[in-house]
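Two complexes, one shared chain (subunit A), two partners (subunit B, subunit C).
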Partner chain A sequence: MREPFPRISRQQFFFIFAIANICLTPFGFPTLLYKELEQHAWISPLAAYVLTIWNLLVAISLARQFPDQNIVEWSRQILGKWIGGLFSICVIVILYFWGVSMIWAFMLLIMFTQLAHTPIYFTSLLLIGGVVYLLMQGLEGFARFAELVFLFLIAGFIAINAVQFTNADFNRLLPVGGFPLDNLIKPDVIASLFVFRGIFIVYFLFKYLNDKKRLLPLSIYSLSIAFVEILLATVLPIAIYGAQAASKFIYPYQESLSSVSIEWLPFEKLTFLTPMLWQIVIVYVLGSSLFCATEGLSSLFNIKNKKRLLIIIGVVTWLIVMYQVSYMQLSQMIMVWSIAGLLIFTLIPTLLWAGLSIRRLLKS
Partner chain B sequence: MSTLKCQLKPAAVICVVMMFCLMLTGCWDIQEIKDQSFIIGVGVDKVGDEIEVSLLEVLTSASPLGEEEKTVSGFANTRVISTKGPTMNYCIEVLRSEMNKRVNASKIRFVVFSEELLKAGIIEHMDYLLRHYEIDKVTYVIATRPSAKELLTKEKGTLFPFLNVEKYSPLLHTIKLWELIPQLYTIQEGAVLPLIRMDKDRIKIIGASLLQLDKQQFVVDKDKVRWINILHEKNIRRMRIMFKDKLAFEIRKVRFKLHVEQGKVVVKLKMNGWIIQSKIPNTLQKSKQLEGQLSEFMNNEIEEVLNESKNQGVDLLSIGEKFRQKEWDTSDWDNKLKELNFEVESEIKILSGFGKSE
Partner chain C sequence: MNIGEMGKIRNIWVDEMKGESFVSFFNKKNKKNNQNKANKSDSNANPVKPTIDLSEQTEKLPRSYEERLQLIEELIQTDDLKGIKLEEQGISCYFLTTIIDLKRFNDEIAPRLQEWVDFPEKWHILFPQAVLRDTTADTVTDLLEGHIVMNHRGLHGQAVTLSMLSIKSRAVEKPDNEKMILGPKESFTEDLETNIGLTRRWLKDPNMVFHYFQVGERSKTRVAVGFIRDITNPDWVHEIETNLKKINIDRIIGHKDVMDLIIGKTNTPFPLYELTELPARIVFDLSEGRIAILVDGSPFSAILPCPLLSMYIGSEYVMQGGIIPLFVRSIRVVAAFLALYAPAFYVALVSINSSIIPVETGVVLAADQLGIPYPTVIEALLLFIILDIFIEASTYVPGAIGPAMNIVGSLIIGQAASQAHLVSHVIIIVSAITAVGTYVTLYQLSMPIRIWKYPLIIAAAVLGLYGIIGCTVILIAHLCGLKSLGVPYLSPFAPLRWKDLLNGAIWDKDRSESKKRLSMFKAQDKVRQEGDPDA
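Up next is the complex of A and B:
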């Protein structure tokens, strides 16, 4: 990465944060929830949103205590070399797997859409190569890209959601009561609480922000954009097909979008937009994931040449995604990864934050 | 400014690289039109224990055909190819092998099921259609008699335009794949498919095929389809109602409300419109009286359709879904539906004699 110290603006942080939290979640996420929660599936993103606000509060509070360090650096300071190192490795692995899993999800998705005949390995090579090149230009380059395409993405999301309202019957979400409490402790439902994992990039981006004032409200606004998109992705397929039929689809959000035809448009269907949107979204996700992995590893092992490290990570990522996983394998991997993520990014930081707060209180 | 340019450069490069990914389809694994078979209609018939799948293919100039197979219509040169087999996939695989082309399903506009097959159930064949990534969810689904193959052979490019301007036909109840999907998986929503046939080169509406889950329970005559359309608020614009051959009333606007109670369902209809034709002298002066007679006539007709469908186990108004939404018991819905009492309360307002007369 380019030295001296790169800086990103609050606005750029807002853009990266919103799209990284949307991620590819609208596609894979609802299917698992429909099976367990049926028409109550919307409860899950709502619960995740509330939990994530708490996580955000903890993350920003911790990051403020170590403004010039990332999580790998300060965790070793608090937890000691070995435990801190182990925790750091977990953090790096989880954030790195985020990028890998999303490429796998993207590859599975495009096989069902307009890019069905495009060689996926070549696409992934271009994608990873492009993101690595972008990051090699420095964090500012990545942030500038995020700024450049944000409005296009938001316009795209509005378009694909708004048209679905014509076929939606929101009565299908009833009854609101009668929530299946037993199903709340199912692994898929617990794992869904990790849906806004994009917020954890704050642990690595914080020190690069040129203005750290009022970061919590800014992050919550940004998170809310992601929340609305994911909530709609959960609710619209139920409103169009009903929970029972929607649970039969692998990608219900794509199917609900395909129920709309706009006869006065030359292209009629808006489904063509989704591979484009998600291809750009994955640049945000992969960029954030690879950036965090590179930053984390270089801090952990004191590696000076970050560019070389980034290229190695990029090549390894490409080799990993060359292995074609099935939908079920990926779902199970994401479930285990999400539960581990909750432990590493919710439980441990909360305990650290509580410990530091108590220590500060005792000192004062 | 120069810093901004430096910052924009990598972003612009990445945008270009990303666009390449989208365009790769055009230069990688290219599939020429002549190597593809464009299907616009699929027909499925029941033949003994097997099914017969017919594909309506649009002929490109490169299609190797004998003259006898060629049909010319105003829209496209088409041909029907069919084969028998145990499953949809098997049949389409056989047809693909015979054509030695890639079967392009992205242009499919309608799927036709024969009445016989509908009686046996269509879910296993629908499974193929729902899984296929190329098949649009806005594809029309229709029922026919005697066979889907015959309909496809005789339609000569007229069927899709006919279905696509549904709003003018009060006797046609069109349904698209995405509308049918929820109804195939629950007994609490009944599905209605248009039932049509070809009479020489003309499309004739027989009526509507009413399904419980994926099976046809009974057929409603075409004259009664208009009542179903009113209940589903479909094709009601300019719908005309004939009253005892004395009066023709054209609907301008309908308001539909459903009150669901345990054991009772009240359908409230409010509509206004014009008199199109009348054999009754001084029609407008008698409009109050006629409004009452028309309402009563309509109540009886709609109640008859609703009672017939509930007796056959078809939940025409998706009352079961309303029960589910209210968290009421929907177990044994087949029998619960039969115990429901339907009441129709329609309120008709005659606006004028269509402006020119009276």
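Up next is the complex of A and C:
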């Protein structure tokens, strides 16, 4: 009774999409923005949200034109074998690096938080091993995991945000006017437009959806959940500490949470919960990243044994994350990667979409 | 094959059965299956064959009376074979003394043998329930299944067989494993017919059918697959029956062998089929579109498909309304979580993540740990291994020794170990919570909980809370990958089916409103209840 082709429901897609877009962004992301945009840092997620809706429109439109293929397969049809292949490799590398960079970010977070005695390499080994095992259960297994844990995660996000409102003073976001326009074109700020990179998994998940109707509104609802979380992660540290103080922290969101004392629980602070919450978020992110990389490579090189490929990718990932990077190195890498991601996932698909639309118009 | 076609096959089967005993018919059917099986898989190497393979004894019975007797005695060389020979009259009766009703033989058969002497062809008048056999295989099979094999010199190449099967069986008793407080108190026995009869008493639906199979080349164990024809997904029935027909093994003992062979290779400690001893439970499950598998000799019925959550539904079903059953089921889920996670959390908090504990609590735990000569993880592993040994001891040792061992283990050794500073006081509390929590759920489910707590303890000892989460990810990934007869193991949570959750899968919110069957079982007839029963 094995199904010949894995299928995921719209509901499961919604859950994966929302958490993959939240990612670990609330931690590293705001710090750089506070330095450049101060109390106006919220503009950046807003701009990224608007740009991502456009990207979604393009992505879903392109995917609909090739409903049974992923981006690697259809890009080679449109762009030809070599240029399409090169574009596919860029797509795979960017989505793969997404997972790797988030593990690095997570390892730095472990070192930073009060669970510092934890051996970080074993943690990453266990995490990567767990995700590879999860993906070996098939896409449906991964989707069921995403569905099962989603409500727990949402409850966790509500808990860690709601408590911060007790100390928040939103007057610290004022004055609203007087944007530092010059700073808007700085690389850090431009890179932050790639913050909702989770949407690009649609290029690989689309063909597995059992119902492709009304996908754009569904994706926008899901994206909006991520947007609200990232906006809160940007705004709450400013509302609690002020923009200048918040810009001094490495992880302002974690610091703003530690400003809340929970006296009725047998724990010192609720901050210990957040790394565990992010550990589960990482499963979504790494799962999506490794899935896309496996799908992409198997399509590109016509590899039939996806499980073996997945294990190889998992081992390579673990070897990569053994190389420890500093916070600054990671920030630089993420900036370069984000700008490359914008080029590959915003500019090129938009051009492709425009080209295909014009060709269709001319034909008709 | 759809249900309609299966119905036709059943009708043909019933027509073919007329005039024959069930067992003899069954043998024929099974022989056909075996032949088909052999044709299909003649490339399969080395089928399981006994030295005397009845399926190969296809030749006719010898015409000579003496040769017939000699053949039976050569084939069945057992001391409980009894042969009564009336040499002068040319009549003989063979039977296995251990499985037939000797009183019935003396009362019903023996007095009529004299009348049979002169009129061999009138056997069907003298013995109306008897059948005529002309092959060695049928005759010997009948003999092994509790028939009297009667030979007459006047019947050339034929023997008359009559069922006198009588095996002492246990009476219908109260359930041992699934306690019912306010519900029915009868449970299955080891007899297949009795078990099916008990089920039929609850459900007088002509659509409830049982298909019989014979499994095991040597054991010839009877297996029945029960389902409600117009509710159950026919693909599932077909899959189970096909798998049953494919089985080619020497013997089957109880459900384990049959279910392992039906389900195939699994690498999970989680039960992929549910075992119940309650006829009422079977009826409950059949009416949801599930399938029951009964095995002769087993006082349980297996139920498929088996999502995890269905095992949390028990005797609380009979309680009033939806709130009490929901509460009881929630308590069970919480207990399972405690049993699984309490030891790991204790180890993580004491050994790795002690910084998140408030100072006052930390001081209490540190004082409790003082003087213990090994790390917390060793302490925990030692205690939980010993706990599992005591659980096994109290479960399997006979009679009153089990509870006595439990008391010795839990009270005396626990207290002594604590006083000797070999284990801390808190871990004894944790182990007590674990032990109780393990058994609040179905017994089958207690095993994976007992097994999975060890990796969690080790992960917690190495990585603290991260280890617990990492291990939980692997556990959930494992559960997400499991399916029972194609139904995801974590249904209706993943994939999420709200209506199922509120229609009885965990909460029967309002019985008058729960009009549809649980969608996860893909029932053909989706409606459980029409209209408003209160109207």
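Everything below uses one rule, namely that the second predicted complex is superposed on the first by the 359 of 364 C-alpha atoms of A that agree within 3 Å, B and C clash if a C-alpha of one lies under 4 Å from a C-alpha of the other, contacts with A are read in each partner's own complex, and residues count from 1 in each chain.
What we mean here is this: contacts are C-beta pairs under 8 Å (C-beta built on N, C-alpha and C of every residue); 3 or more make two chains touch, one makes a residue touch a chain.
Every value quoted in this text rests on a predicted model; they were computed, and no experiment measured them.
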Margin query: Both complexes share subunit A, so when I overlay them there, do subunit B and subunit C fit or clash?
Written below: clash
Checklist line | Partner chain in contact with A:122 - subunit B first, subunit C second, else both or neither | finding: both
Next item on the list: Check whether A:60 is in contact with subunit B, with subunit C, with both or with neither, and answer first, second, both or neither.
Entry: neither
Next item on the list: Check the residue A:163 against both partner chains and state whether it touches subunit B (first), subunit C (second), both, or neither.
Entry: neither
Next item on the list: Quick one: classify A:37 as touching subunit B (first), subunit C (second), both or neither.
Entry: neither
Next item on the list: Look at A:133 in the shared chain and tell me whether it touches subunit B only, subunit C only, both, or neither; answer first, second, both or neither.
Entry: both
Next item on the list: Mind working out whether A:310 is in touch with subunit B, subunit C, both or neither, as first, second, both or neither?
Entry: neither
Margin query: A:12 in the overlay: touching subunit B, subunit C, both, or neither? Say first, second, both or neither.
Written below: second
Notebook entry, point to check: Of the stretches 331-339, 403-411 or 457-465, which one in subunit C hits subunit B?
Noted result: 457-465
Margin query: With the touch criterion stated at the top, can you tell me which subunit A residues are shared between the subunit B interface and the subunit C interface?
Written below: 114-115, 117-119, 122-123, 126-127, 129-131, 133-134, 137, 140-141, 144-145, 148-149, 269, 275-276, 279-280, 283
Item checked: Complex contacts: residues of subunit A adjacent to subunit C -> 1, 9, 11-12, 110, 114-115, 117-119, 122-123, 126-127, 129-131, 133-134, 136-138, 140-145, 147-149, 266-269, 272, 275-276, 279-280, 283
Next item on the list: Within their complex, state which residues of subunit B touch subunit A.
Entry: 7-11, 13-15, 17-18, 20-22, 24-25, 28-29, 31, 130, 133, 136-138, 176, 178, 181-182, 184-186, 189, 321, 324-327
Margin query: Can you tell me which positions in subunit A touch subunit B when the two form their complex?
Written below: 111-119, 122-123, 126-127, 129-131, 133-134, 137, 140-141, 144-145, 148-149, 167, 171-172, 174-175, 177-178, 240-242, 244-245, 248, 255, 258-261, 269, 275-276, 279-280, 283
Item checked: Interface residues, subunit C side, partner subunit A - complex -> 235-236, 239, 352-353, 355-358, 361, 459, 462-467, 469-471, 473-474, 476-478, 480-481, 485-486, 488, 490, 493-496
